[in-house]
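Can you keep this structure in mind? I'll have questions shortly.
Read from first to last, the chains carry the letters A, B, C and D; within each, the first residue is number 1.
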Amino acid sequence: MAASPRVGFIGLGIMGSRMAAVLRRGGFELTVWNRTAERAREFAAAHGAAVAERPADVAAADVVITMVVDAEQVRRVLLGDDGVLAGARPGLLCVDMSTIGPAGAREIGAALAERQVHFVDAPVSGSSPRAEDGTLTIMAGGDEADFARARPLFEAMGELVVHVGAVGDGQTVKLINNAVAAVNCATVGEALLVARAAGVDLDALVRVMGASSGASAMLALKAEPMRRHDYATLFKLEHMLKDVRLCLEAGEAAGAPFTFAAQAREILSAGMGRGLGDADFAALIEVLEGQAGRRL
Amino acid sequence: MAASPRVGFIGLGIMGSRMAAVLRRGGFELTVWNRTAERAREFAAAHGAAVAERPADVAAADVVITMVVDAEQVRRVLLGDDGVLAGARPGLLCVDMSTIGPAGAREIGAALAERQVHFVDAPVSGSSPRAEDGTLTIMAGGDEADFARARPLFEAMGELVVHVGAVGDGQTVKLINNAVAAVNCATVGEALLVARAAGVDLDALVRVMGASSGASAMLALKAEPMRRHDYATLFKLEHMLKDVRLCLEAGEAAGAPFTFAAQAREILSAGMGRGLGDADFAALIEVLEGQAGRRL
Amino acid sequence: MAASPRVGFIGLGIMGSRMAAVLRRGGFELTVWNRTAERAREFAAAHGAAVAERPADVAAADVVITMVVDAEQVRRVLLGDDGVLAGARPGLLCVDMSTIGPAGAREIGAALAERQVHFVDAPVSGSSPRAEDGTLTIMAGGDEADFARARPLFEAMGELVVHVGAVGDGQTVKLINNAVAAVNCATVGEALLVARAAGVDLDALVRVMGASSGASAMLALKAEPMRRHDYATLFKLEHMLKDVRLCLEAGEAAGAPFTFAAQAREILSAGMGRGLGDADFAALIEVLEGQAGRRL
Amino acid sequence: MAASPRVGFIGLGIMGSRMAAVLRRGGFELTVWNRTAERAREFAAAHGAAVAERPADVAAADVVITMVVDAEQVRRVLLGDDGVLAGARPGLLCVDMSTIGPAGAREIGAALAERQVHFVDAPVSGSSPRAEDGTLTIMAGGDEADFARARPLFEAMGELVVHVGAVGDGQTVKLINNAVAAVNCATVGEALLVARAAGVDLDALVRVMGASSGASAMLALKAEPMRRHDYATLFKLEHMLKDVRLCLEAGEAAGAPFTFAAQAREILSAGMGRGLGDADFAALIEVLEGQAGRRL
């Protein structure tokens, strides 16, 4: 491609604002839109970008990226009255990087395809520091040609970029990864509580496990926050719950059980009941402590 | 210590023979005993070591290491009629590196202490390749001075050596680690089956998860063997089941629940029912496939 | 009420046709509608009833009962283009006896209320033989006055009629009951498999448990069908799965965990994956047998 | 049998004292022994019975019944230094009605058989009121002829008496029943908490479920105590935990999973951690409340 594609970016939340900033640093020309217009103006002032009035107004770009909360919001900004599709010409490529589940992604992809707008679902793994560094993991589902068009953007934002299959498959991979993470995190939490009850030194336990068969990304990332009851948000418990639920729905649709994830979901539900939805999902330790009747 | 301690080594199975060989390469003088005497003679011929007729005959060493299957065997070789204690003088240090549970370790330590024989429980993490390379993780419970005496041996055999607390605490740490590993492995197994049912490319899934929040030692070590149904034994399913059961017993004794490990135990039990006790515990995928009604 | 209310009845499936017949025997005047018109004509011929062309045409009745499959169908027949609401006058009472979840019931109730149409949600417990005998259990949610209007109909169809709260609460009670039933059934299934593996006489076990603390409606109703692998449909596995899923969604919405039901759901999902959706939910024993690697 | 057998009765706790009193009312001549001699004397004064000084002294009876806490105690009173076996002649029949697990029963039966003493394991179901009324459920394992000898005693104490198989099988049936009861009880507890969180009337829920597919002995017996947090002991949580653990061990020995019971065990373990071991097992609701972060 001779010139960099012009990029429309919708959704400047914790993740989206960092991903858009990385694209800007990578030299891409941006037009941005955000539900709260103030944030879009701040972003534009800080990083240099055009601000669109309506989602439809970013459709003049070559590629439009959406990074919002759920399928409902993606539908609104892409397919709604003032949505991208309302301003789109055939050949536009929409890339949704939110986590919305495979059913939602396929339905949106089909709606766009009716108007010759292409679609790739490309959810990401990695919290805000990795969004900021452009070192996310990006798992993309869609046609080979569409993936190739989006690839330069993905490589700016991510360290590992994998084309995992057709539209919707990026979502499935993401959901499965997050469900596994939720299980591994809850398992570390229960393990710490057993160790505490048995009188074992937790520093030693974490150090040993980190070099043993019990090692996991969740042990490395969440054991300390759980021990300190520090839930500064990297990934909200509410969003983790949504992802585990969507994973179980995908499993149900495919007729495949995921019993460990089902347990994790109930723990996260109980976290919601405690009002911890906005806390980092490490806050699930509160539920496990409540069950055990013991603090870490 | 002016001279290297003379070491007695009891138990030359898959792990023990490799650990003893590493000690020999490290310059330690060895006297060995094994239930099947033939293996002791083969070891002696290959690596250079004295062969004892009875466990009691290794008690002339400064430190006696035991690496056998369960608490019953440790009791027999240390406390039985011909056991180490029968030949021991006050001040001998016994180091059990088997996985036998904290209750067993404490009971054996107490029996030895009555006769002024010291005891450290020091189970290991890592399969036979790491035993062979001297890169095990070693988690030791016992008095500070006893740990210091055993340390040179531990450092020959292990890459990470951690003093985790009093006698029995090494066992607790080991059991908790293995229970977490069993959960993480079974979770990877279920995740692969959901992905297969949903039509997702498994190579892509494993690659993405390995760089994401779902990463774990078990994903790295067991996803491929599970996919290939290759159960060449690194760690027997039967032994993993024993460890998870001991972990749950330790949890029960401390009044602490470990719900995820409890699920993993039932899966391993069903593996025993299928005659997979001698296979590597990756064979638990057979149980998950049976539940899902679908092969990977 | 001087005269019996005229009743509109929508949905003449396995349950609905029997419930409508009971009302007819009880002297109520019926107008019926069914998606497959042929079944409505057959019912009318057999039991005596007027046949409506469209759902809107039953709205002349005093009370309209719906007994269909899910919220989507209730919405269509009540709120759709040709739906009951299109023909309704203020004061009409709609009673939905399907199992559609509390969220669906509240939403439909609210839509009807905007047009002064009253609503009671009144799901039932009991399979087709009890529908035929008029001995269902009926749990109704709605205003006291609306419940009183519907009561004569409920008492014709049911043996136990309970007003459980506001609109939607009937659904919640129903879902919780069914989720408990699913757990109890799966627990009986696992218990039978443990007994078989341990070599215990299953007749003796079932007889003893039936008189002991392990007794349950599910033991009485499903132990024999599971033992015989006889899945003649009383309540489809697919519908049980739907109910357990809706119960977990209601739990999640309320921030309350239901870990046992979560396990049951995964077993039912695996039953769907085996193509058992149309079988009675006793077919979940197939999943448990697959997990155990052993037939009953 | 011309005359009633003379009966030795060992263990006059909450259950044993009531069972012995029922035998006495049934006209059986009793010799009793209890660890705390005072209770034996009180029983003798109240009901009329000879008091033995040592377990060995009851061995002159035709049948000796033991009703104690665990396998360890059965071993002591039957096989210990002053135990029944020390005073027994060939042909004596020992009937153990404690819950000790199949492995313990088989081992004890084998030890007695070496000295031509017969053995039947006959655990009971039913709490103290049913022991008092002689309406227990009795599940007996042993030879047909031994069962026939014990039958008159069983029929005095029980309403339902079932010969379930060989020595040890009575235990297996008992453990499976109790494990099912533990699951059903915990499931009722979670169901009540979901209902409370969803704002449903609990009286209505319990009433409806009692007449529906969610009905169970545990719903009838434990819903109200759990709602009132009334844990007056009918069956101690500690003993229920022991039974569920023994059931899981029997399942593991047979290679059969029991995933629901495994979850129940962890809840009971957490109850022990809260110091509720002596409370009725309905106290498991405290653990579920801790998990849910909400009181009933």
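We adopt the following convention: a contact is a pair of C-beta atoms (placed from the backbone, for glycine too) under 8 Å apart; a residue touches a chain by one contact, two chains touch by 3 or more.
Here the structure is a predicted model, which is why all the values come from computation and not from measurement.
Asker: Hop distance check: chain A to chain C, minimum number of steps through touching chains?
Answerer: 1
Asker: Comparing residue numbers, which of B-D, A-D or B-C shares more than half of the contact pairs of A-C?
Answerer: Answer for A-C: the repeating interface is B-D.
Asker: More contacting C-beta pairs: C-D or B-D?
Answerer: Higher contact count goes to C-D.
Asker: Is it true that over half of the residue numbers where chain A touches chain B are used by both copies, so same, or is it different?
Answerer: Copies use mostly the same positions to touch.
Asker: Taking the mean of the C-alpha atoms as each chain's centre, how many Å separate chain B from chain C?
Answerer: 53
Asker: How big is the gap, in whole Å, between where the Cα atoms of chain C centre and where those of chain D centre?
Answerer: 38
Asker: Starting from the mean Cα coordinates of chain B and chain D, work out the distance between those two points in Å.
Answerer: Computed from C-alpha means, the inter-chain centre distance equals 38 Å.
Asker: Out of chain D, which residues touch more than one other chain, so two or more?
Answerer: 197, 251, 254-259, 263, 270, 273-274, 287, 291-294
Asker: Show me the residue ranges of chain A that touch chain D in the complex, using the header's touch definition.
Answerer: 197, 259, 270, 273-274, 286-287, 290-294
Asker: Can you name the residues of chain A that touch chain C in the complex?
Answerer: 241, 245, 248, 251-252, 254-259, 262-263, 265-267, 269-274, 287
Asker: Mind listing the chain D positions that touch chain C in their complex?
Answerer: 102, 125-126, 137, 139, 159-160, 162-165, 169, 172-173, 176-181, 183-184, 186-188, 190-191, 193-201, 204-205, 207-209, 211-219, 221, 247, 250-251, 253-261, 263, 291-294
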